[in-house]
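Structures are listed in the sections that come next.
In the two complexes below, subunit A is the common chain; its partner is subunit B in one and subunit C in the other.
Presenting the complex of A and B:
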């Protein structure tokens, strides 16, 4: 059997699955967002659904909220994960516990984390009760709104909780593979702690950090259940808005939902493209 | 590098302590709620403790046990499917250089960087025509989209360090194709199958929106049940189901911990869970 045939046969099942399910899903979504459904006699594609989406104020508010959630969560998680990975490189009391908790956290679904954050930070949650115990507030309403709030603080806290271990585990694996020789050389040549980190270690772990944080950004931009549990009702996060439109009793809203799904995919791809370009330029220089 | 000042060591200890508390904290109220009876503001701890949420959650009529079985079945099936489909693809990407390889890699990794909701709505429409909506089979199939990239990623890493010459030696010594696979290939790639399979299982285990859409509310996995109780304000039952939902992951983690150490090359390249 020739190599070319072998490669083709080995890849065929995976490519079939991706093309039919993933590309098929995107393709049908695109067609339906353009009101193009030959099966039911819609053969003239148009941009009506996109027009409706782009002229609604709710869409822009939702986009801003979702972008804020993804951007803030990704930056916070990346910075804290670098710190955590640096910490876990060193021997200290509790290191084994944190290592175990990091892996444990990876197995806990986001939904469970979201419910946990809800019970901790809501206005009748654990922290509000502690505040009442210490006489800082007298009613649940006095506690600052940290969930269902316009700044999506609860959602961001949940993502930071889940994503610091995720990025941290990847960075730690990278750091362990690298060892400390490069930094030792830099230090012996007179670099201080910060310089050794900024100009030696950071560029070396950057590829792993970049791919992990891109995954985090894409996930947080498209996740449904976390903003559904912890997010404000209006404006809702984009995925929540798209799902609402899709399950609207009015079937006319479905192309609108599809248009939003396509816009989410395009925006996410566009933002990841610029993110990768900008961060590459800044780290390498 | 190891002449650290006591201040730095104290800072590390403090940061470590904060990290430990923060990692455990969100799971604490879930566990407390599952044993609480009427735990109202401003009580720091419940005034009365009870097992009634657990009695309900583990009873026949709650459907939690059925749902647990269904969720395990779906995740195992999705994992098996992604091993069957992902191992050959990993072999092709790890062992060979060929034209269009970057494109193939991009296609296979695309589901990890394109938000799930964007694909889910379209797949729902595809499945309407295929008659796969509202079926367990359809849900298993759709879980292949988020799980497959991790499987292929891990396996291509394993095959990149694999020498196929052992296979041809076994064949030239008269071993059949099946024996060669079973005695030569399989033991060599098993660590990758375990790690990739673990990720695939956990990714499938945590799916919510794909199951909700494709299952149409008829395939009720644990996350769907949990979401319903969480949004209906039954905090005690939500707590119990939440604990039931995270236990299998913890058990798997303990069983496979030795495969997951930072030294395993597969961990450095894996994707989201």
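Presenting the complex of A and C:
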């Protein structure tokens, strides 16, 4: 048996599951978004649902909000994760404990984190009441809107809290495997601290950073639960909007929901493509 | 042009009880090539990193031309260190690797290109500028690492085992290249190796470090003729050590009374002589009757294990000279007085 065939056969079960579940689901979604559903007699596919989506202002507002959430969360998490990894790779007393605490919230589900944020940061939450009690604001309602707010601060806070350790752990492993000698070489050749980071360490950890942050971007762009709990009502994040359409009493809205789901998938693929290209060009030149 | 001196340089790594380097003092004259010689783990890389500013000494000082540089950042010391495993930046082309130091100094692009081209010729790698380091052989990578260091015209060049990963042929070539570049540019160079032959061939002076301590710092031939102690002599291939009593002119030992060269120390001591200095046949003095216990033919030379009374002696001889002797039979030998050396 050739190696290729062997690899193919070994991968076959996983590939089958992926193709059936992923492509199958995508296929059905696509068909539905095109108003094609022979079971109930819809046999003439059309682009009506897409037309409706693209002509509604809410869709564009939702897209902007969702992009803002994903982009800001990804950039903030990446920057903070790099900082955290740089600190944690040093030798210091109590490092093991800090490292453990740092990774602890990887195990906390997103939903739990979101509810925590709701309790702490909403205008009727703990921080609002504390601030009012200490006289920093006259009543809890004056607390700045960090939840259900148009800038999605609560959502971004939640994502950053959750994704910094995720990216950080990957980068830390990466840095520990590299060791410090590459930077030492750079320093001895005349690079200052910043230059050694910018021109040597960053490009070296870049592949890991890129994959981790792409995952974060894709996840935050398509995730439903956090914006549903912490997000503003209008405009809602794209996945929330799609879900609303899907559960609308009007069955006519279903193809629209599907169209939106397909658009979300295409958009994330497209944005990730550009993200990878642009960052590759800038970091490693 | 920099005179480097190390003063009681000591490093204890955090979490370790014994010093990895213990009070090392060395004077390295301007423009000379000095070898730091010692077995694996003796603290050679540690020393280099402290000179380069990549590691902070626990105590002691490093001065360049009598000025302490410990407070200066690595990038301001004018020291470049070439690491044991090259560490070329994998995501850059060879030319970008070599130009790295100039780019950090904000030299303009055209100037960098020109100097990279020059130095590629100097290390005999023209035409390879566009390749990635992973597309080079070990010897080529080594030369790129060297070029990357030389291009910034360092005051002090530190080479950490530059030849250890090369095959015998390349090693020879690199050795000559390093020696000629170093002399041409007059850079004060410290060169790490665990190979005594390499140290002897390349260096003006050799510092032998054993277990974190300096054992001897001398010109290469002195290590063979007048080793400071038994460990030094053994490191340089010495095998014959015979305890006894010296009068200054003669040495009383189980081998009998042997005539010593002038200036030998008196008192209890250990007599040593190198295997290649054991001469076959009768001599004017120090003649002994030995028994041949074993013989190993090594191509250009033959190793002999000899016994005199109860004392074993290791010798190296020309194969033609000893072809006629049988194992178990007698062999006349002598030990020329000027090749004997008494250790305290």
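In the analysis below, the second predicted complex is superposed on the first by the 277 of 285 C-alpha atoms of A that agree within 3 Å, B and C clash if a C-alpha of one lies under 4 Å from a C-alpha of the other, contacts with A are read in each partner's own complex, and residues count from 1 in each chain.
Here is the rule we go by: a residue touches a chain if its C-beta (ideal position, glycine included) is under 8 Å from a C-beta of that chain, and two chains touch if they have at least 3 such contacts.
Here the structure is a predicted model, which means the values were calculated and not measured.
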Report for A:49: first if it touches subunit B alone, second if subunit C alone, otherwise both or neither. neither
Applying the touch criterion given at the start, work out whether A:29 contacts subunit B, subunit C, both or neither, answering first, second, both or neither. first
Name the contact category of A:200: first (subunit B only), second (subunit C only), both, or neither. second
Touch test for A:187: subunit B only (first), subunit C only (second), both, or neither? both
Figure out whether A:147 sits in contact with subunit B (first) or subunit C (second), or with both, or with neither. neither
Between subunit B and subunit C, pick out the one touching the greater number of residues of subunit A. B
Of the two partner chains, subunit B (first) and subunit C (second), which one does A:81 touch, if any: first, second, both, or neither? neither
Can you list the residues of subunit A that meet both subunit B and subunit C? 184, 187
Considering the complex alone, what residue numbers of subunit A touch subunit B? 3-4, 6-7, 9-11, 13-15, 17-30, 32, 39, 83-84, 87, 90, 92-95, 97-98, 101-113, 115-120, 124-126, 128-130, 132-133, 140, 158, 161, 165-166, 169-170, 172-174, 176-177, 180, 183-184, 187, 208, 214-216, 218-219, 221-225, 228-229, 238-239, 242-243, 246, 257-258, 261-262, 264-265, 268-269, 272
What residues on subunit A touch subunit C, complex-wise? 91, 181-182, 184-192, 195, 199-200, 203-204, 206, 284
Touch list for subunit B against partner subunit A, complex: 1, 4, 9, 12-13, 15-17, 19-20, 22-30, 33, 41-44, 84-86, 88-89, 91-93, 96, 98, 104, 107-108, 110-126, 129, 141-142, 144-145, 148, 152, 202, 205-206, 208-209, 223, 226-227, 230-231, 235, 238, 242, 245-246, 249-250, 252-253, 257, 260, 262-263, 265, 267-273
Given the complex, residues on subunit C that touch subunit A span 14, 49, 52-54, 73-75, 79-81, 83, 85, 87, 89-91, 100-101, 103-105, 148-149, 152
